[in-house]
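What follows is a single structure, and I will ask about it in a moment.
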Amino acid sequence: MNKIEFESASEDVQAVYKDICTTRNVPDVNNFWKYLANEPRMLRHVWESLKDIMGPGALDPLTKELIYLAISVSNNCPYCMASHAAAARAKGASEEMINEVYAVTGLANMTNRLANAYQVPVDDQFQPPGTGGEAA
Amino acid sequence: MNKIEFESASEDVQAVYKDICTTRNVPDVNNFWKYLANEPRMLRHVWESLKDIMGPGALDPLTKELIYLAISVSNNCPYCMASHAAAARAKGASEEMINEVYAVTGLANMTNRLANAYQVPVDDQFQPPGTGGEAA
Amino acid sequence: MNKIEFESASEDVQAVYKDICTTRNVPDVNNFWKYLANEPRMLRHVWESLKDIMGPGALDPLTKELIYLAISVSNNCPYCMASHAAAARAKGASEEMINEVYAVTGLANMTNRLANAYQVPVDDQFQPPGTGGEAA
Amino acid sequence: MNKIEFESASEDVQAVYKDICTTRNVPDVNNFWKYLANEPRMLRHVWESLKDIMGPGALDPLTKELIYLAISVSNNCPYCMASHAAAARAKGASEEMINEVYAVTGLANMTNRLANAYQVPVDDQFQPPGTGGEAA
Amino acid sequence: MNKIEFESASEDVQAVYKDICTTRNVPDVNNFWKYLANEPRMLRHVWESLKDIMGPGALDPLTKELIYLAISVSNNCPYCMASHAAAARAKGASEEMINEVYAVTGLANMTNRLANAYQVPVDDQFQPPGTGGEAA
Amino acid sequence: MNKIEFESASEDVQAVYKDICTTRNVPDVNNFWKYLANEPRMLRHVWESLKDIMGPGALDPLTKELIYLAISVSNNCPYCMASHAAAARAKGASEEMINEVYAVTGLANMTNRLANAYQVPVDDQFQPPGTGGEAA
């Protein structure tokens, strides 16, 4: 698929590009959006979802970038690792913080497999609220 | 494999159990450790790694629990999801925060695949520090 | 491992190569088979499985190529993404169809994690036929 | 997290529930939405994305359900497997078609790993349109 | 899907069941085959592949069962974990060996992510034979 | 992140590097450690875990390298595939053995999905020791 630049984009795509540039205060959208524009409906849905969720909320934006980075490492998406590490740094992440994200990602991948290997039953005190598990 | 309780554990295993209980100020270790004790070397290594990394550091302990939770959801480890959601709540996570972690995890899994599908090339401005990519 | 060309292949491997070329009406096998020929038993089993399943059946060949492409994107196999996208195009897939495959793949990866995150119980009406779930 | 029924939902959530019921011509939304409603923003984004992409488009809705099912199997999401198999059956999928989806999913997971194991280079004829690879 | 018992199976399926029972010296096939028989072509291909590869070869059968177990843990397939752990035990695996398999599986999942996180370049001495990397 | 060479490393990192070189009888550590040294705590924990588990134990070191290789292929970690294939060859693995590892990895990834697709219930005889499943 080709990269779709602003000039050659449809009006719908241009509108999303403009909103990204305005929201993020950047002069141009990054490559992810230029490729995703091959599917204009997804371009719009993905952007609207990210704009809504990744901004301020119950969690601060930096924390969410770090979670995004951790998932991207765990799933082995080189583009996403690069873009979300850059976004995390832009939001104030130090190299020490990035390194800790990688450490936690590695450890979680290890213990996820160990817990599954032993088919560890969930302790009563870890049952989520709203189920019968946490009862007296 | 059987669950190994304190009373029937070897001295090495008991020493790890005691350190977990002391460090976390809990009366007993949770099931994960009781199963992992079938491999006493891993019990010790995993515990020492988690004790070192998941405590205070460049990131606060709650942020690291949330990252751990996100990876556990992404990898589909029900035990780890339950235990790290509980740990996050114990460290102050609200339900709104947990819900946002799930949202970010879902979005990252979507865009990870979209970026890989289009084989999006990394933008120059996202090249990590220390490589040639960010040059003038 | 080296790529094994027809001339330097064993008779067993050559027989598989010839069957691939005849079945697909191509002058030479693609790289996947030339590397897999390092394990001649797997070469034969994989080819016989693909020949049997990917041809006409309950589903048409194009639909199966698109499913193959979707899995390859989801698993991040660049070679498989390239070869099955090419095969889908050769069987009539438009760029719009390829883009929709990517969209569905992204969405499924998102909702798979969200359903697991919330540990959503299966609705009675979704219980598979043959279980007690779909009862009167 | 609790399941959120229509009666106890916020107005925003009720609006999404109503749109799902109208669009799908069903009396009530299935459990996935009732749990996702714990994060009302994601409820709306996921629904709007699915409504847009999973309806008629370049691919017919049944084909897209089968792709969704294949990804859900590959990612091991039991809820999604059950709901999308049910949706595929409702849109006309025979048991033979479902079985072929499983077969293709299994084969793709096998050959994805074999292609990665041998680090198979992409053949020139498989280079995507728009790159230099397909040149004369 | 229903489980297909020998009595109600087609002749083709019965022939595979008989070969499994003879090869493994068991009175009946295990559940995996009874479900896979819903897709008789895959039943035959999967069985022929496993019969060929999992028997004596360059690696002994026990080693191959342990690898199969490790992958099944890593991919979180509870059925496969149970059946291949049982097969490994039947071929002589001790509990200590099973525990080490789990340990290696956990460690590999951790270091796989760490190596990807840092995008570690492959050392010259690790370049596979047949490439330019191992040169003088 | 930058690669950290011995000369510019902290004393803690140098101590780990020295232990790796002594234990493995090599003149320098490979790139994995030089990048992981950006997080000195993980450098030490990962090394101590690998030193302990990957040496002689219930399983011989070659078997463990092959399992490590299989997981690395399954997870698609190119660095880990290269380094553990090299380590396996150094410990005596033939090309036939490496090819069989790839074959088993491919087959397990296929049958893992098929078993999950059919939600195959675990046979009584495969229930792990210590549960009620293996009863008379």
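Note that the chains take the letters A, B, C, D, E and F in the order they are written out, and that residue 1 is the start of every chain.
Going forward, a contact is a pair of C-beta atoms (placed from the backbone, for glycine too) under 8 Å apart; a residue touches a chain by one contact, two chains touch by 3 or more.
Remember, predicted model here, so these are calculated numbers, not experimental data.
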Between the pairs B-D and B-F, the one where more C-beta pairs touch:
B-F
Same or different: do the copies subunit C and subunit E touch each other through matching residue numbers, with over half of them shared?
same
Between subunit C and subunit D, tell me the centre distance in angstrom, where each centre is the average of that chain's C-alpha atoms.
17
So what's the Cα centroid distance for subunit D and subunit E, whole Å?
28
Inter-chain centre distance, subunit A versus subunit E - centres from mean C-alpha coordinates, in Å:
33
Residue list for subunit D, restricted to those that touch at least two other chains
1, 38, 41-42, 46, 49, 53, 74-78, 99-100, 102-103, 105-107, 109-114, 116, 118-119, 128
Within their complex, subunit A touches subunit C through residues 1, 38-39, 41-42, 46, 75-77, 128
Show which residues of subunit D lie in contact with subunit E when the two form their complex.
76, 95, 98-100, 102-103, 106, 119
Residue numbers on subunit D that touch subunit F, as the complex places them
73-74, 76, 78, 81, 102-103, 105-107, 109-114, 116-119
Complex contact set, residues of subunit A against subunit B:
1, 30-32, 35-36, 38, 42, 46, 49-50, 53-54, 57-59, 63-64, 66-68, 70-72, 74-75, 77-80, 82-83, 85-86, 94, 96-97, 99-101, 103-105, 107-116, 118, 120-123, 125-128
Residue numbers on subunit E that touch subunit C, as the complex places them
1-2, 41-42, 45, 48-49, 52-53, 128-130
